[in-house]
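In what follows, a single structure is set out as structure tokens and then discussed.
In this document, chain identifiers A, B, C and D correspond to the written order of the chains, with residue numbering beginning at 1 in each.
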Amino acid sequence: MENDNVLLEVKGLRKYFPIRKGFLQRAVGQVRAVDGIDFHVYKGETFGIVGESGCGKTTAARCIVRALQPSAGEIHFRADGGEMTDVANLSRDELRPLRRHMQMIFQDPFSSLNPRMTLFDIIGEPLLVNGMADRQQRIERVEELLALVGLRPEFLQRFPHAFSGGQRQRIGIARALALNPSLIVADEPVSALDVSVQAQILNLLLELQERLGLTYLFVAHDLSVVKHICDRVAVMYVGRVVETAETQQLFESPKHPYTEALLSAVPQPDPTLRSQRIILEGEVADPANPPSGCYFHPRCRYAVDLCREKTPVLEEVAPGHAVSCHRALELDLAGTLDAPVPQTAHS
Amino acid sequence: MLAYAARRLVLAIFTLWTVTVLSFIIIQLPPGDFVDAYMAQLSATQSNVSEQHFESLRRQYALDRPMYVQYLKWMSGVFSGDFGTSMMWRKSVLDVIGDRLAMTMVLSLGAIILTWAIALPIGIYSAVRQYSIGDYVFTFIGFIGLGVPSFLLALVLMYLGFTLFDSDIGGLFSPEYQLEPWSWGKVKDLLYHLPLPAIIIGLSGTAELIRVMRANLLDELRKPYVITARAAGMSERSLVLKYPVRVALNPFASTVGYLLPYILSGSVIVSVVLGLPTLGPLLLGSLVAQDMFLAGTIVMMLGALTVIGTFLSDLLLMWIDPRIRFEMVQ
Amino acid sequence: MQDDRQPILSVRNLKTSFFTDEGIVRAVDGASFEVHLGQTLGIVGESGCGKSVTALSILGIVPRPGRIVEGEILLRREPENGQAQEIALTSLGDSSSEMRSIRGAEIALVFQEPMTSLSPVHTIGNQIIGAARLHRKLTKQEASELAVELLSLVGIPRAEGAIDAYPFQLSGGLRQRALIALALSCDPRLLIADEPTTALDVTTQAQILDLLRSLQEQNGMAIMLITHDMGVIAEMADQVVVMYLGRVVEEGPVDTVFGESKHPYTQSLLRSIPSIHSTPKVHLPTITGTIPHPYNRPAGCPFHPRCPDFIPGVCDHHEPELQSVGDEHLVSCFLYHPVPETSS
Amino acid sequence: MAEEHNSSDSEERIFVAGQMQLMWWRFRKHRVAVVATFVVVAFYVVVLAADFLAYTDPNTTEAYRLLMPPQPIRFFDNGSFRPHVYAVSGKRDLRTFKRVYEADPNNKLTVRFFARGYKYKLFGFIRTDRHLIGVEGATAAESLFLLGTDEKGRDVWSRMMVATRTSLTIGLVAVVLSLVLGVLLGGISGFYGGAIDSIIQRLIEILRSIPTIPLWMGMAAAFPREWSVEQIYFAITIVIALRGWTGLAREVRGRFLSLREEDFVTAADLAGCSRKRIIFRHMIPSFQSHIIAAATLSIPAMILAETALSYLGLGLRPPAISWGVMLQQVQNVEAVALSPWLLVSAAPVIIVTLAFNFMGDGLRDAADPYGI
């Protein structure tokens, strides 16, 4: 866990969206989509960000690849094994040489591919704009990439409309890999896909990581998927990280009541595991108008007066396990155990 | 809700101001100034007008001062009810316009009401019975309505009226009421003459609105809440009328915003063809005669009518759409 | 007691097709199942499997150009004069008054999109009152009291105020509760919930599923739960129907279907889902290929091009029938029963 | 791991079909739009060959031929194909003082193809005096008036051919002007957003809320009397375009705004594409077809605007010839009643407006071949 191994370090990242109103569209308030988050990602691991809709996970991911300009904070990224660079405040031109090292996979396999371009143009574009001018060379590289993601090289001249959602997601992955990036930010890459196709894409992601030594920042709302693919996880709630730990540890012994409830709410595809769920009261807080103190306190069954008054900070409670909860050390929360799943009979 | 209304009001006032500037530009556009034109006109008919008279006129309209002073002068006159002098008629512009403004409003309002009364049911029918023969027929008629400019329609109808019924369909009054003061009889006569020009003016707008209503409703009919209502056991007829039609009405109501300029435009030119006692023929006459104060005032009044009408329709929309009432506009 | 085992709804060999310009889409192609009072029947399948069309078919509201082409849907009504009444819904006209008196009153629907399943310009109360008064003789006052009662029953806080709220003023979870209140307005005996939690977050989903369960405990209605989420099915259902491309491939009690699944599709599907209990980072067994487009449905068993146990010459030539493989456990697969003599 | 994907040839054809190909397939399904396109093309053929299709100098006045009704063409003479018209003689009715015309069946004037007539330049550079049809070597008294004459004795058919050229090019020029303004301002508005966007949006709202015809009339009335036909022509197009750009600007802005949010645009940004490449390689190709459709739909309004202004006497003025100018002669019911054939120039206005509308409709439907 030396510092050299850190590929990405996010410090105090904030993204506020102004709420505009009136004739002159003056900003009358802010949606604190991402409200000061810190985490780091080691080289070669899969780091998951998980949370419910509106928790800011997608905004955070988009800030990190600088598809959005962060409002505040630092994003240190190590390109090509060199020095760490803060990419949060670089200009467009300064950013360009770094872009190739971090790429993104999108949630929607339909809107993320330009319907007016062929696969060759889509996957070859990053190559072209980054200096690979020779067409033949690009054709070869694109064919190689197609094979890598499990598509036939002959599909080169086809347009995206020829492909199903899962295949389109493969195309998106091929595009992201074109420049040999070290970090891939995957924003809900399987949540728009059918169940039977999800597994194909998850397998592909794992396989590619092994072969190419990729580092993933994996954003998802599906805890089962996160559990399956991530080494370490950060749980977000209303713009903040409430808990971060190694996956196994987080799932086995969560330290934040929100994580506990989240884990308990996931329905399992196994009727023998039906159990009493923790049903959270109320709704996710409004990031434009969050409650006082700990944002989670109105829904927390362990909340005490302190939680209403004071905002907790993310503190390490065990090596590599940080929680933002006043009562983290006193509570004994339930996690999920790795019960051996009865394998379905197969004749 | 108040914020929304205030926003629309500010915009309306701003638009109104732009209209006055544009009207003023139109007054100023022809070469030479008003007094030059007036002089030229007077000297053609009579020659014994003193130079002092012109000088005082020049001073009255601040013609020797910079343009913005002239504008302010004119505007301050407008606020006190003095819109300038019509040289063609040699009296104050307001006197010339007389009740033609009211007539224009009555005609436009009539056209809007007819447009809605025709477009709404046809639009609903076409959407609910999509791809039926009736839908095709109405769509076709709608296209004709879009294709035929209103003044041509007026001409053709006039020709048909003349050849088939030997009657003149022009005018808003029968000859016997033409010069009469207002009476119940005259109002009835007006109502009798109103529908035809109103339909002619409203036709292309009607065609457009049928398309709008049909498209809106088709969108709404595909929404899940229609399935919810259907699954609750509502009959198709009451379901369509209660939910999707009601929802589709909102964008429909906001069409007044562009319908009104459309209708006033149409009314000007149709009035010229049919010789209706509205602002249209007066505007044409004043422009041909370069009677610019009159022309500018009419353009301004027509502009103001649309701005006020649009503002009123915004308020109407606000009243019927809870999403705006509760300030949830995206 | 005998009567209790009688299903409230029986669907037999239901076939619903869409006759489009591009061709005929057989959205539901021979579905048979039964729903019992006080029980939850789960219908599960991926996109295009026909689960939603099945729901619409039962209610007789399949949109054009679709229609039911074959099959029988029997609804058993409350016993009258000691004699249970059976109505064949398929024999009633879609817009007949009998059908309408059943819709909403006997069978109610909760639709998938809480955002758009309620009219945006009518208040919640207005919509519930409207639905309640369709089938019950209530004054406006009574209906409005009922609406408040229903809204608090489904757990909407400050129900008196909520009846005057518009849907956009409520969050997704509350909207879904309001929709359930609307469905309950006429005390239906069968509630069809079509992906009721798909658009919701996990914690809200848990709330809604909990609500459905407690409502069922209270009034003993039957629930037909349609979803693509195997987890939700395992959690909620008593009986399960697994569909693929319009056909029922397997059905039976939930423990049997999940524990001893027989159809290769069900087996592969269950194995391909990562679970928070399974070993992480392992290669998930997958189903090869993608779901075919409904216009190009494969001949024979629709699953054969993706099936690991594909028997050439059999699966691609004959359509398997749904047949018993055990106690209440039905599978439609040639691995378990003989190939028909006559070629189809 | 490789995806098996077997496809038939016809599917393969669709899979490798580009945007234009898909749009064409989709447009082709819209039968009325295809027919309308042929009509529009036919009209523009007339624009290119107006003088060839005319047979009499459209400005030649003939005092003895005022308000002559159309001369029906007869195709067969004693069983053989020989298109001809009867010569017509006019005299003044002494009771009504109107000129009445009588056809003389004994004086048959042969209508020839590729006949010689007045001199002109075909397509602007080929000097010729050949016309599609004509009556050769006829005296002033023996001529062809397919659609009759107007109140100055000019041939309505020939005038209509030339008027078509004027009216249809005005529509095109005005739409090009609007397009330039609209794409420029709409693009700026959508791309930069913020205060610039607000200002342009308010400007558009204001321009759209003012009734167009009075505004146009006011501006058109200010054209100096001494301006040449060409000057007025361009002034008119500018006046029309001043209002016409607003719709297109809105369209462009809306597309820009929604495209900016598309993931594929973000992806291009992340790939390191320059702004210029994102705009020209990703955004513009994505909405150009919509803009073309919107522009097509706005042409009829431009044509109608010119026609209306000219009809009122505020647009093009004689000796310019346009549909509106021709319609000036039917200002009142008497004129319509006495010489209804003068209304004939309303027909092309209506036909071309409809054709553009249908064609635009088809284009709009086909503009996005990738779904909703």
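Here is the rule we use: a contact is a pair of C-beta atoms (placed from the backbone, for glycine too) under 8 Å apart; a residue touches a chain by one contact, two chains touch by 3 or more.
Just so you know, these numbers come straight off a predicted model, no measurement behind them.
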Contacts common to subunit C and subunit D (chain labels) = A, B
Contact-pair count is greater, between A-C and B-C, for A-C
Centre-to-centre distance between subunit D and subunit A (centres being mean Cα positions), rounded to whole Å = 55
So, what's the distance in Å between the C-alpha centres of subunit C and subunit A?
-> 33
Scan subunit B for residues touching two or more other chains and write them down.
-> 11
Which residues of subunit D are in contact with two or more other chains?
-> 3
Tell me, which residues of subunit C touch at least two other chains?
-> 290
List of subunit D residues in touch with subunit B within their complex | 202, 205-206, 208-215, 217-219, 221-222, 224, 300, 304, 307-308, 311-314, 327, 330-331, 333, 336-337, 340, 343, 346, 349-351, 353-354, 357-358
Would you tell me which residues of subunit A are touching subunit C in their complex?
-> 52-53, 164-167, 194-200, 202-203, 206-207, 221, 223-225, 227-230, 247-248, 251, 261-274, 277-280, 283-284, 336-339, 341-347
Listed in rising order, the residues of subunit B that touch subunit C in the complex are 223-225, 227-236, 242-243, 246-247, 250, 320-323, 326, 328
Across the complex, what residues on subunit B touch subunit D?
-> 11, 14-15, 18-19, 22-23, 26, 29-31, 143-144, 146-149, 151-152, 155-156, 158-159, 161-163, 168, 170, 257-258, 260-262, 264-266, 268-269, 272-273, 283-284, 287-288, 290, 295-296, 298-299, 302-303, 306-307, 310
Complex contacts: residues of subunit D adjacent to subunit A | 1-3, 5, 11, 14-19, 22, 198, 262-264, 266-275, 277, 282, 285-286, 370
